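See below for the structure under consideration.
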């Protein structure tokens, strides 16, 4: 709050000043960065201070502690050391360009700059703002996949727009499209397939729910987050082994699906509520769930497993063992779903209901039971997807579902709303598009590419790849 | 508990510029959904476009008027691009497309590759873009206290901004009132209920939907400008949660009514402020941090939306007989 | 007017020299359609080689369910796009023209499932039907003096029509509160606000209580007497026989017969289409369940299929 002047000391004025002060406190608290718990002193920009800051992570994604950086410019020299979170900041008092140098001798063992020629870096500082700069670590070529840029800011309140911005959102964004070499293409292709498979786990449920009940569930992203956060709680807070944590997380997810259908969706269906109203309800549910997650687990990034992942090199493509395991689990799960849908009676009944509920009911299928099953399965798979995605990207947070949701919709729409196999096909495509687009466009726009595909599909062929034309309109 | 302070906070929300911004965004959404039945889930995208258009123009030296014009023109162009292909889509498809489009706008705005124009993910901070607006202020600089509230006369979160914002709210309410009672509004009402019927009467349904989209989008852009003037232009502050808030307060006040959006905005923000203030007073920091109180207040928003749609979809001012949750 | 009286009406007289076969040419057609084809997936819904509708007469379009009557309506009025075909209305080509434009051109329609706008009042429904209201333009709408006069004119016209259809007492009620039959009347009255030259009624009698049927028939005849062309789809044969000047029969997407009402009803092809080829057989007769009968039916079916395919090949599909 700028310039809160207190004139005189009359009681009314004092009270007004108190109000203003408290308002500022309120605003400051609201501004309190949802960028997660920070340890150590962080520079705060104001009218006479600018901040130059950043966050350094190792190639595996862990914070790089104790790295020294120096800032020079405008007749000023300063230094900073990264704290336990890998963050560093330097306050300067003049606008202008500054050179930031990283002391490579202070990097953690085994780490090196990814672009050693890019040190020192030039940063332009302006009073009242914070400027971030990056020093990505790691060997060239082998990249951990970039974390999902969630919506970090709390939505709406005055001053929520943290003026400095979340420096680490830049982790992936500084990567300008590099040259298109075969190793990079292979790497991105592999990432794309893996991501696509994990996305498919989450999307299948979304597609089946739409097919059987006509509901476009905007809270499905939160089902994914639920799995990841549950795994985090079991693994990191209750210290259960990772495998157990994962299984429990999936069970939690499946149970939440059961509860939702029994307690909310079925009664509303019985009331005859239309699909648009239901959709708006899922939007409210999504908001309530997201902030419940934030309420209990805070606004920062969480890691399900803090073990340092080990990698293996498969023909030039570097994959962590964890990713391989995740891929195997995803393939197993998807295979199971495919077998279920094609090979079992219940599965075929599910496809029938998804195709044409009225007809299915007329042929004696217990539609309500199938819908319940779809909810349980869909939520369980989403939770599994959440656990695996959280492990794959090595990070999760309360709003992870937000970005994933749109990608899921893109995948499901592309593949054909209502068909599970369509969801699989669409997810693979979206995964590939997301990861491979970073070869040609800045990587923080990668999801924009996937979203553009969503829009184009809806315009050109709304029924998707595997859907049928009659479905629309 | 200091009730005077809490009340002052709460009542302060009644005329805060942010409440006005949300009210205007909701009026725009009301034209989309309440009047025409368009499921626009990307109102935040229009807000972003207005805000960035204004800020970029004024930073480059343009006057406030120029900034506003650029924001509006950009919003019109965005509506046309968005509308041309999508207005033929069925309801929930339009919802998905508008969400995706708004998200694309946000991603582009915050991309580091766009830093030269939009400031990337740091956005456009500081006062550079506000000066043009400050220059339009007829009051002398300094602060003024009215009752319990002190704000600067002209600077940033100012009295001038409040006056302008709320006058605009009044103007737009008048506009909507006029339109609703006109033959144009009648056509939209028909389209909301049954497009084919209206087509069979010789009206160019597509054109009307486009007009509604553009008009509501322009209002969204203006809302975006007002939203950023007391703070900074930050892509993430106008994202999907913002759109959903606008929906909640529209449904709360009553879609398809003239004052619903305003009532909804005032009520929602005042109640949120009340909840937060009371909780902060009553609950010690060791039990619940202020971030948690924040989060809790947003949980109530989500739950409110759900309850509204289930039990009272017409909101406070709406008429059940006329209700619009029937969508194009 | 009774069935006999139709022999003397000028509209019926115009058909005196028209051939009684599908696609017959009419002396003064207001609508001429050629080669209209529409298929959904593998199923052919409409396959009309040639169709002419006589101006100023009441033409009935009949046929069993699934014959393609409503689809044809949808195609001609711009609510659906054909795979191929062309047609002209009053000399202007309307193929591929969207529904709104078709209505403005003078060809209006009603719907099988009434589309009375329930959440608007009866009067508002009517006002919506009127053309050329400057207030329907966004900018003009903001300046009431520019459209108030036309609004008054429209309201007067609406009231007159409502009175004619005996709905005037309900003018301020929500259309949703009307009975099914009243809603049909409203839809018809609303369509007339447009001042069309041709009105296409999709099952106007469906769901209307018998007491109202008579007055509805009277209204339709009055429309014709005022010079309007009426084309309606109906299942109620009494109505068809009673008021239509000409009957067109569709089955399986094609026109199978045309002619004056009395004659068409006794056409064998028509009877077959409606009632099935063996309609006069007693299905309760167990001797029909023998294998020979089954084989014979199969052969008949194959023969019909072959005939159809031969026709299609000839038609150069």
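Order of writing sets the chain letters: A, B and C. Residues in each chain are counted from 1.
Going forward, a contact is a pair of C-beta atoms (placed from the backbone, for glycine too) under 8 Å apart; a residue touches a chain by one contact, two chains touch by 3 or more.
Here the structure is a predicted model, which is why all the values come from computation and not from measurement.
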Greatest centre-to-centre gap (Cα means) from chain C is with chain A
Averaging each chain's Cα atoms, the one nearest the global Cα mean turns out to be B
I'd like to verify one number: the distance from the centre of chain A to the centre of chain B, where each centre is the average of its C-alpha atoms, in whole angstrom.
26
Let me have the rounded angstrom distance from the C-alpha centre of chain A over to the C-alpha centre of chain C, please.
56
Measuring centre to centre with CA averages, how many angstrom lie between chain B and chain C?
47
Could you please specify the touching residues of chain A with respect to chain B in the complex?
1-5, 13, 15-20, 22-23, 26, 29-30, 32, 34, 126-132, 151-166, 169-170, 173-174, 176, 216, 268, 273-277, 279-281, 283-292, 294-295, 298-299, 402, 406, 409-410, 413, 442, 444-445, 447-448, 451-452, 454-455, 458-459, 462, 472-473
Quick check on the complex: what are the chain B residues that touch chain C?
175, 178-179, 182-187, 189-190, 193-194, 196-205, 211, 215, 321-323
Seen from chain B, its contact residues with chain A in the complex are 4-5, 8-9, 12, 16, 18, 22, 39, 85-86, 89-93, 95-97, 99-101, 103-104, 107-108, 110-113, 120-123, 125-127, 142-143, 145, 148-150, 152, 155-157, 228, 230-234, 236-237, 239-242, 244-245, 247-248, 251, 276-277, 290-292, 294-296, 298-299, 301-306, 308-310, 313, 325-327
For a test of understanding, state which residues of chain C touch chain B in their complex under the given definition.
77-79, 98-101, 103-104, 108-111, 115-120, 124, 127-129, 131, 133, 135-138, 140-142, 144, 147, 151, 174, 176, 190-191, 193-194
